[in-house]
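The structure that follows is given in the form of structure tokens.
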């Protein structure tokens, strides 16, 4: 790729009426949060392959996240998971992060790995377990205060494996009661992001099974509650970008957990299996960003883009860089859609014209554009290569010395 | 089957603490609406096989529906579809029905077979088409007044086939605007039932794609708007009984369109592919019927049970009888669940005990019970045999004389 | 797009070691068969929207197909469907086609629209219906001789809607017996392409439900029998490119029916929903085209690429042009994969490196390349625009005069 | 339940022409193999909840399996998993089993938990890893000789997570080469059962993804290779009983891994989610057991029925008893189908009659029948209650003393 590539790209886009400087400016303000747990080991129920270079402590995980930000300029914050990232001093953790140029992002409670939660956490038939779960959520709100985090990100593994195992409606009530209490503890400006999931680890019913259940709950709780869309948490065939557009229209889309899937919640690198779907999600977001309604525009501005993947066989840091670059790539393409052209085709009922107006943006090669954006930001033009050759990679490899495979 | 069968059945259930007289009483008050269009020809996109005995006019369709009621005692009303059942005199149609012992049930508008609706009806980018669609809906409200119908049952084929084809959020707004107007025209006591569908005939996005979209719209419209669950309109793997329980808990479940599916919206005879799912739906309903909350109980009491199937290869009347018997069978089984036993197992966290308490009700043979219920109601004990041997079957066969295959 | 675009494209590819002249040469020899039925009206079970400009006769359909070839240079043959394209003189039809610069391609029997086939054709429990079906297949072999067609393309709608409806194993035997007879009638050089389908129009079981059943049958019949992969005929989540690679490895992939789907057999424009999947299919094909085994390479050379779509709301000719361009685009991208780079990454167990080596080819913009290929072939550089502005479009619009909507 | 229940049951069945003594005899010869790993802890990727009473050693697992057989009379053999059940002396393990009244059943190699297999075992690009995998398979053949086992049961986790990661066709070749060598090592009378799986733990492609790939491989290997159907390893909507019938017809169905699923490979108790599907599988088996072809009948006689479930939240022994009782229940119902009645309806093209002839068998309550069968075999009439109250349960609870939760 040369300067000429970019000049040609710019000419073509200008000829189409695209404001390339504005595109670059928007690309430069894209922020994608990485998850601390994405730098540690994970796996399937069959096997967790231990990566000899994986981060082992909250501090190392934040160092990895900072490296991803250093390489890409896209990832100024890192989500943490309690208790995986539990520490004696959240001030200390916060300072560590800030010294590396990143901040602590969303706080993610864990209500699925304590033995008590086998049959449910905030939905457990046993009131003492529900209490324990609520206390943990309240603790996480408290941690958010200490870390300066805006978002509490809630995913519940709660559900049942067999018909009859649980009282579906009672569990619904218990969850609402717990979250009402937690909602009441939020500081002004904090948000509660409510995630849903089609299935797994529960196999008969999941208490928050789809966007509708998360949305309804958020509405009952209040304006600080929003829906979190994990791209892999849907039934086969679900039109995810439709849900995104719908939630934006209701001003209830709080954020994303990005990852990729072919079958179930495969948790692969976002954009690796169906890149067009990721593009179409961003197309809806970019479209809503120019809505007449200020609340819709504000909702777009506050979307928390977060990676949530389970790298079973990939090197961790490199996989994370690949993930954020894939997100950036599809966002860049979505910024090239000419919305006036789409609207004109829609208005004249030209199905193929409207389809082409969207698809053509996907077909551009945004490589030259992203290269220039990186150059202008003083970032490595090839972040993966920079990582492979860089000092940090060497540093990680020293971790292996303490590894017992 | 003999009297002895029933006596033994009764003894066993009494020994379990089941109030058999109450079960019988509830079975006798079950009402399932049949659809007029279920007595005419239907098919797949590949072929409509013409049934030489299928009803050809609204009057004949109501006669068929009345025969199903005569045979089963379960079907005192028949839903109609406008314009398929359009007539010069709805008074006349109503009298015809009443003379045969049935009433006109839900009014079903049709917004998918006029050429104007190719790219949407109430969601069309063309305001004149949206107006036309709204007028049709208002006409249906008016027909409901004439026929004495309580429910307007809305299914929209609206959706798009390609990314970019339509503005998803504008279409959402247009639909709400149309339905607000229609809602305003409802008489007190009338209900608007809003159906959703995962896909088909639209293949990229459906404007009302899931229960959440129908529910949210109903909430915005007001208390006379309710959700209609078509059992075949879900993504693969969806837990339908969970949605049923959820909507009951929100007092927003207005009714069902019953049918059966293995793949998509196969529209097979309800209960023919996964009878346990149908049982579990009724288990949730029966459970909610004893809820502490009067609104939930009232919601249960007002559920409109309706058949909506497309019999492509089956003889029409017989298929309809089979369908309502299947519904009755699973409802009968659900009435045999001992809820105290389930609850006790749930409370002691006994997963297998709770599962068994539900499943065991399914495993009973309710044949002897249903036989006695029919006898006590003066109905044929074997409705299918009664139909096959009956005079009406002979009458239908005379229709063939005018048939050109 | 300018010459400069192409020059830069060429430079970049040369720098990667891609033989651009060879890529262009392979693109110029790509042949995609269009289906005569793709130019007529089609729809869903809910409605066939009549297109006032749709072709009405076999002759008009071939004229439309010839226009697609004139615009794209990609479609030198057209598949016909019997009896939809039945004619008194296949010689006449063949001459008509040849006079327009195209040939008659695959012969497609129809065993699903005769009333006799309601419960099966070659799998019907009634031997006289099985005979009738076999005779129709033999007639199609005879037509193939007259039209000079190489391929008989078999899709069976055969299946059942209910458990018990048919004897699954007897039906399997009956189908094999019928096809053995038809196979025996093939001329040397003719091929029987056997298509499979997951479901629809049968909703409980389909006699040829997956590639395994089609493949096993082809193996039993002999070397002239091959499997036909319709991209839309799979269960949700199925890895179609894996099946393609598998069948190529067994030298049993005879051809494709291309179309696109999000849910079931949606029959949308190929490449419109998940373009990456189409690219990955071609990646497997291009990879196999360089196999050490001559039989595998020969199988690749003989793949029949065919469009099979149901354009419900799109203008017919334009939709077909869009479809073949989408196929050409993804084939072009697949030709840019550097297989040595992929293999090297695979061998050093570099998961992300191998993934990137494939994906990067997809991310190139092949617009400049395809423009030059078209110029060099003397074709319109923008086939859609050429059609919209061209004389043929005007001619089609005269068809409307005889249209009764 | 009383004697009267059974007498009435017998009368009704006799009246239908069912040979009740034959049904009882067939029920008494049903054999279902339990898996040693079903008595140990298992879980999801999110959490393995440790069961304080779970068996900890191969010896304890066989004791649990023997208890299930003692309670049900259905489970005379137990499958083992290498290396989970690795022992210094297979003679010792065999003697232990035999002393408890059971035998060692299928040998299950493990090619997914060694770090070497992260990117494949017999399909790994690294020949030394392929060699290691093949050696393990040969070791398992050797163990089978020592334990007197007939079946080697092969499940491969092999697959890839990303496009390009592996060479799909090379991997196919490598797997065949490995299995050819293992096949050559089988003793006469031994069988190799080849299992397939739609997805998981691989998320882009699985080397043996469906029955067709397992079947084709078995055919290439020879008559001692057969297909193993795991009921949970299919795409959504797949008609499993069709595959069962198909494989029986080809004399290539070697056995089952039974479990239950709603979404993916949920591994729930067989028969708990869709009992009708399990019944329909047995309907196909019972139907094939009376086939005119001796090879088909012999295939039925040699089916290895095995449980393969992952009990995440259930008590282990009780869950296993529940599982085998569910299998017995559906088999009993399938034995009540009147095949002559089905055939007659099929022949007169009576869709609803044929459907009813199958379904009615499912609707019988076989509780009285199974009670009498158990009594006649000297078994506990309520195996679950017998376990809960029995001495073995008390013994298991002593295991807890050494448990550290």
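Per-chain numbering from 1; labels A, B, C and D assigned in written order.
Quick note on the criterion: contacts are C-beta pairs under 8 Å (C-beta built on N, C-alpha and C of every residue); 3 or more make two chains touch, one makes a residue touch a chain.
These are the chains along with the protein names UniProt gives them: A, B, C, D = L-rhamnose isomerase/sugar isomerase.
It should be emphasised that the depicted structure is a prediction, and the values quoted were computed from it without experimental measurement.
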Of B-C and B-D, pair with higher C-beta contact tally: B-C
Interface residue identity across copies chain C, chain D - same or different by half: same
Centroid spacing, where centroids are CA-atom means, of chain B and chain C in whole angstrom: 40
Sites on chain A at which at least two other chains make contact: 119, 161-163, 198-199, 204, 236-237, 239, 262-263, 269, 272-273, 276, 313-314, 351-352, 355-356, 359
Of chain B, residues touching chain C in the complex: 42-47, 49-50, 112-113, 115, 118-119, 157, 161-163, 198-201, 203-204, 236, 261-264, 266-269, 272-273, 310, 312-314, 405
Contacting residues of chain A [partner chain B, same complex]: 119, 125-126, 161-169, 172-173, 198-199, 204-205, 209-213, 215-216, 234-239, 241-242, 245-246, 248-250, 276, 280, 283-284, 287-288, 291, 342-343, 345-347, 349, 351-352, 354-359
Chain A partner contacts - residues on chain C that touch it in the complex: 1-2, 4-5, 8, 12, 236-237, 239, 262-263, 269, 272-277, 313-315, 318-319, 322, 329, 351-352, 355-356, 359, 362-365, 367, 384
